[in-house]
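Pasting the structures here.
Two complexes are shown next, each including chain A; its partner changes from chain B in the first to chain C in the second.
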Partner chain A sequence: MSNQNATIAVPAPRALLSHATRETLSNYAYLLPAAICLGGTVLFPILKAIHMSLYYNVLIKPQEYRFIGLGNYVRMVQDPTFWLTLRNSFTWVFWSVSLQFFFGFLVALILNGQFKGRAIYRTINLLPWIIPGVVVALIWEYIYQPNYGPLNDLLRRAGLMREPVAWLSNLNLVMPAVVFTNIWRGIPFFTIMILAGLQAIPDEIYEAATVDGAGVIQRFWSVTLPMLRPIIVVATATRIIWTFNYADLIFVMTSGGPANATQITSTYTLMQAYSDLDWGYAATLSVILLVIMLVFTALYLKLTKGVESVAG
Partner chain B sequence: MVKDDAYYASRRQFLQTLAATGAIAAADLAWWQDPFLGPRRARAAASTVRFQFSVPEPLRISLVESLVERFNKSQSDVEVKVEFVPQAQARQKLITAVSAGSPPDCCQIWDNWVGEFDGMNALEDLTARIKDWKHYKDTVPVAWQTVTVKGKLLSFPWVVTNDAIFVRTDRAKEYGLKIPGPDWTWDDFLTLAKGYTKPDKNQYGFGMRGAGTWAVLYATEFLYSNGAQVLKDGKVVINSPESVRAFEWYIDLIRKHKITPPSVATDGYRQIVEGFGRGVTSMYLHNSGSVEEQKKFVGEPNFATLPLPLGPAKKRASFYFSETLTMFKAAKNKEGAWKFMTWLMDDEPNYDYAKTLGLLPTRQALADRPHYKHPGYQGFVKSFPFSIVSPYLAYAGWGGKLDSEGVPLVQQAMLGKISPKECLDKLAEVLTRNMA
Partner chain C sequence: MKTRGLGDPLERFLGGPVLWGGLVLGTLFAMGPFLWVFLASVKTRVELYATPITYIPVQPTFQNYVDAWTSRLTPFSRFFANSLWVSSVTMVATIVISTLAGYALARFRFVGKNTLMLVFLATQMFPAVLLIAPLLSQWHALGLIDTYQALIYSNFSFTVPFTVWMLVGYFESIPRELEESAMIGRFGALLRIIVPLAAPGIAATAIFAFVSSWSELLFATTFTTRTDMRTLSAGLLYMVGQYEIQWGQLGAGVMISTIPVAILFIFLQKHLIRGLTAGALKG
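And then the complex of A and B:
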């Protein structure tokens, strides 16, 4: 018996995209706003800087704007001031970050202990970090002022100095002086990071180590340091990158002088962009700064075995 | 499933929808811009003048605000809106605005920037307008020189200043030192500076500038006293023998005679002015811009100014600089800008501006007023006969290079890292390389 009422199935219109593709696309669509923001604020400036670095682009000579390929990179390799600034940058970063870390760790250990007024000390400790960099630079420039600054005045009153010392004009003293200022400013950053790490270490581990006969130093080397390793790696890597690119302090205190003694690559880049208005060369220096930092970060994370926890 | 799929559009439908949406959006935008944005833009162009002013000190903000307010009250068809920009960023901001095609209608700039902006073909040629202006002939000729590029008048020289030496007269009396006359020599200068220098009291004879472009310019003025020049027959000659001898003498003031504060290599404008004001130094070289400040710092009767001392060649030069009012080619309201600029050059606004800031008016009628007879201004007035336009204005490319390469070289010489000759040889190389 045949079914006389049977309907003929009409094929549905073919979908524009398959179900799996639609699902994948909709998932990506959720990421789109973040991707657009990141692309616009991170990726585009990087690509633009690379693009600019391939051009002769001096703002006061718009008629000479032209593509010069790697011309700016060749100029950079032959520029003795660039190499000097790179050397200065390494000095500036090494001393700043290592001493910030050392003193930050020390302060964190102290503030991790139990004592009266600990909350007040923790707040006061944050002050140098809260003050804007430019203000810090102006304050310390005044402190170092040889003729009427408080530092020389105190040293003279204490009988430790007869003639004023020009802290920011002496070739041997100027870099230590700006590094000292940066150390003062950066200690709270390490203190806060390490303090957070210290407070996350369970007391039971220390108790177990004590029961096993570990002394204070052994507990520090075998428990505290390994447990803090992920925080230390992240904090030092972040701080190294910031310090390498940090121009405010030196720019305000010395403008890279005297005689380029404190000229680091980031201040030199600023100088090229805003004094010489040579945006092509400034972009080249920025690209090289980026490459140096990328290589450093990769090496650093490899050498320190990344941020995996000690347990992992 | 079949039912769900029925809602999906075909590729053709999708593309058609997309195209239709684009067309509607474009039409919508055109409609929206026309009635609302169009008239608003036209009205703004007719009445508003954008004026950019760079601020080296807070006093200027209130001064310029009051001048703009006075102007706006006196006008019915033009309104000036002032945009204050910190001096450190002013040049760069203007250059980027010009590059982007949106400069202000007019602005205040320093004459050493005029060449740069002309190089960018950004400035309006004001020659014809200025030559018809009512005070053209009352303006001192050297002031016009500071704003003339390739025969074109590109700005109004609003106020001018040259350089002279500030001297503490009260301290000279205290130490039994004789203040020389205006035709003093390098020897007189050194004797006086040595007399003032008492390191145990933190007192030094001369507050020399080591930071900023003027570290190079002030040094160059001393070189001119020995017959040196920066350019001769189109060639850079700043490392000539007479120039090197003069620079050796200048550097000896620091390294041999020790008459400058130990901070000399990083002392900028603020440090040399404050150093004198606080009694750390007893002489310094600067323009008239700090006269009014020193009247408050050290007291009106306690200082005077002298022209630069004569060098062994019996010559001297003081560099003339002007703060100018400029209009841009891309200005949207040129007539309004011209009206405002000429108003600022009128008697009372111009005199008020110059007097308040301790600068010299460019118009002779105003410079002859009694205010400029004070001893604090006499060094500048007496320097007029040998004042010249800064030789570093010759090439636009020299502006930034003096800062980025010239200053570190001078600092190296000051700190004994290189000899004065090496410094000038390298500076000559930098200048020659950037003669464009």
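And then the complex of A and C:
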């Protein structure tokens, strides 16, 4: 300790590492637990998946396990079911997200009104979103059940149906049926997001628009929608990616059947792993899912950057 | 009064009958399916399979709950305990890990910070399907199949990135001056200033971690083989796959899986919603 200058700032003895180095090390120490978690549960498994995708690896044929290079990828490109699942994924995502958005927006506009018991209504309307996916799937499997399910019964009582319909085994009805379930589940997500956006719009803007003679419809188009644009973009993009990857509902309700009518790429990947026990091909499909997801995310980031500059 | 009471007849129509009609329809649509399953869960076996089907149970009974809870083939008491344990440990560990990382990302300067934020954002969107095969072989190699650790570690793959991202936003909204004036070390500042001030945000991320672990299905079915290690989600799926569907017991199982998260949500929705939308509102 050098005490010749009697100030408060006492020069510390020189440490083995400079102050800057020590600070950097301690910065990374805070991140270490998170880094270990993600390294062990995300990054390493992804590398492992890429590695697995290069092997012929069918669990029931261990003697045939071997390196096949891009063999699984070639098989995928030539696999008509794979292309079918991509088309199904598109249908699944498009109808799920666009209708979740539409109804979520409507519910948000309603819940944004001033009325008694708003908190209770809000909670009830948001509940479908919070419950486990397998629970949603089972509830709706029961509703669609041809003999004891309430849907057929209600339609029959309303005089809209004569013969019971097997919603989940009819090739033409099964996709709409699972999409409808997903809509029920996903409406609250958009409601939450858009409601938050609506409540962030300052009242003065509406008042100014009203003074300028704008009616309720005009105010919606010229104030509400433009002000909500950033949140709409973020919510929709997140939802598209999430729905594309989401396998639980279809996996439980139909396992992608009948005849692959509801087989989307993510459930196809699961079925390859669980039913066909073809882990090499499953890994290949999951790598492709990852690539598609990364492209989406890159697009999304580009979009939101644009939005951020608009939102200020 | 944002859009009502301003004299326009169209507006009064929208704010009156349309609003109430929409409210009733929306609520019926959201609640109807729950109500149906709840009613089914208190019906007797005979009534469940009667034609024409009944809506209000003639002889309401909680026998299905007792059966599901004590069943030896699908012991929901055990599933419930497993879910509670896995979700709670995931929640607590996630919060500790993410608070440290979130604080570092919100406050410190270092190389690669933006890249790290991007990594956290991107990993939120990784498909769980992608991780199943490699994680299974990993847990197998480490002898962790049929352990709670395998489920808890796997859950980190989706809880940690999201909570870090959320917490960074919360921490950044706290003025730096508070820490600078306190003259305590960085860790002290984190514990004594940041954590108390960001408590609502931390609560929101905690609920998120709990609820998403509670709902998790694919990891729980893949990394467990023994019935007594299954969580509620995995147990429900197992119940469907194993036997002819017993809608009464299954309905009871569905209600058992739903009620805890529904209660959590009802009491803490304000925090949760604010936490979830804060990031999106910022853009």
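Keep this in mind: the second predicted complex is superposed on the first by the 262 of 312 C-alpha atoms of A that agree within 3 Å, B and C clash if a C-alpha of one lies under 4 Å from a C-alpha of the other, contacts with A are read in each partner's own complex, and residues count from 1 in each chain.
In this section, a residue touches a chain if its C-beta (ideal position, glycine included) is under 8 Å from a C-beta of that chain, and two chains touch if they have at least 3 such contacts.
Not measured: the values here are computed from a predicted model.
Asker: In the overlaid three-chain picture, which partner chain does A:Gly215 touch, first (chain B) or second (chain C), both, or neither?
Answerer: second
Asker: Would you sort A:Ile46 into first (chain B), second (chain C), both or neither based on which partner it touches?
Answerer: Touch partner of A:Ile46: chain C, not chain B.
Asker: Please name the chain, chain B or chain C, that touches the greater number of residues in chain A.
Answerer: Per-residue touch count on chain A favours C.
Asker: Under the stated touch criterion, which partner chain does A:Glu163 make contact with: chain B (first), chain C (second), both, or neither?
Answerer: first
Asker: For A:Leu277, decide between first (touching chain B), second (touching chain C), both and neither.
Answerer: First partner only.
Asker: After lining up the shared chain so the two structures overlap, which partner does A:Leu171 touch, if you call chain B first and chain C second: first, second, both or neither?
Answerer: first
Asker: After the superposition on A, what does A:Tyr142 contact: first (chain B), second (chain C), both or neither?
Answerer: A:Tyr142 contacts chain C only, not chain B.
Asker: Let me test your reading of the model: by the given contact rule, A:Ile60 touches which partner, first (chain B), second (chain C), both or neither?
Answerer: In the superposition, A:Ile60 touches chain B alone.
Asker: Overlap the chain B and chain C contact sets on chain A and report the shared residues.
Answerer: Touching chain B and chain C on chain A: residues 145, 147-148, 273.
Asker: For the complex, give me every residue of chain C touching chain A.
Answerer: 1-4, 6, 8, 10-11, 14-15, 19-20, 22-23, 26-27, 29-31, 33-34, 36-37, 40, 48-49, 51-53, 55, 96-98, 100-101, 103-105, 108, 110, 116, 118-119, 121-123, 125-135, 137-138, 153-154, 156-157, 160-161, 164, 186, 211, 214-215, 217-218, 232-233, 236-237, 240, 247, 250-251, 254, 257-258, 261-262, 265-266, 269, 273-274, 276-277, 280-281, 283
Asker: Could you pull out which chain A residues touch chain C in their complex?
Answerer: Listed in rising order, the residues of chain A that touch chain C are 23-24, 26-28, 30-31, 33-35, 37-38, 40-42, 44-46, 48-49, 52, 106-107, 110, 112-115, 121-128, 130-135, 138-140, 142-143, 145, 147-150, 153, 184, 187-188, 192-193, 196-198, 200-201, 203, 206, 210, 215-217, 219, 230-231, 234-235, 238, 241-242, 244-245, 247-248, 251-252, 266, 269-270, 273, 279, 282-283, 286-287, 289-290, 293-294, 296-297, 301, 304, 307-308, 311.
Asker: If we count contacts the way the header does, which residues on chain B are in touch with chain A in the complex?
Answerer: Result: residues 2, 5-6, 8-11, 14, 89, 92, 95-96, 99, 116, 119-121, 199-200, 202, 210-211, 261-267, 274-275, 278, 280, 396-397, 399-401, 403-404, 407-409, 411-412, 414-415, 417, 436 of chain B touch chain A.
Asker: Which part of chain A faces chain B closely enough to touch in the complex?
Answerer: 12-16, 59-63, 145-148, 162-166, 168-171, 254-260, 263, 271-278
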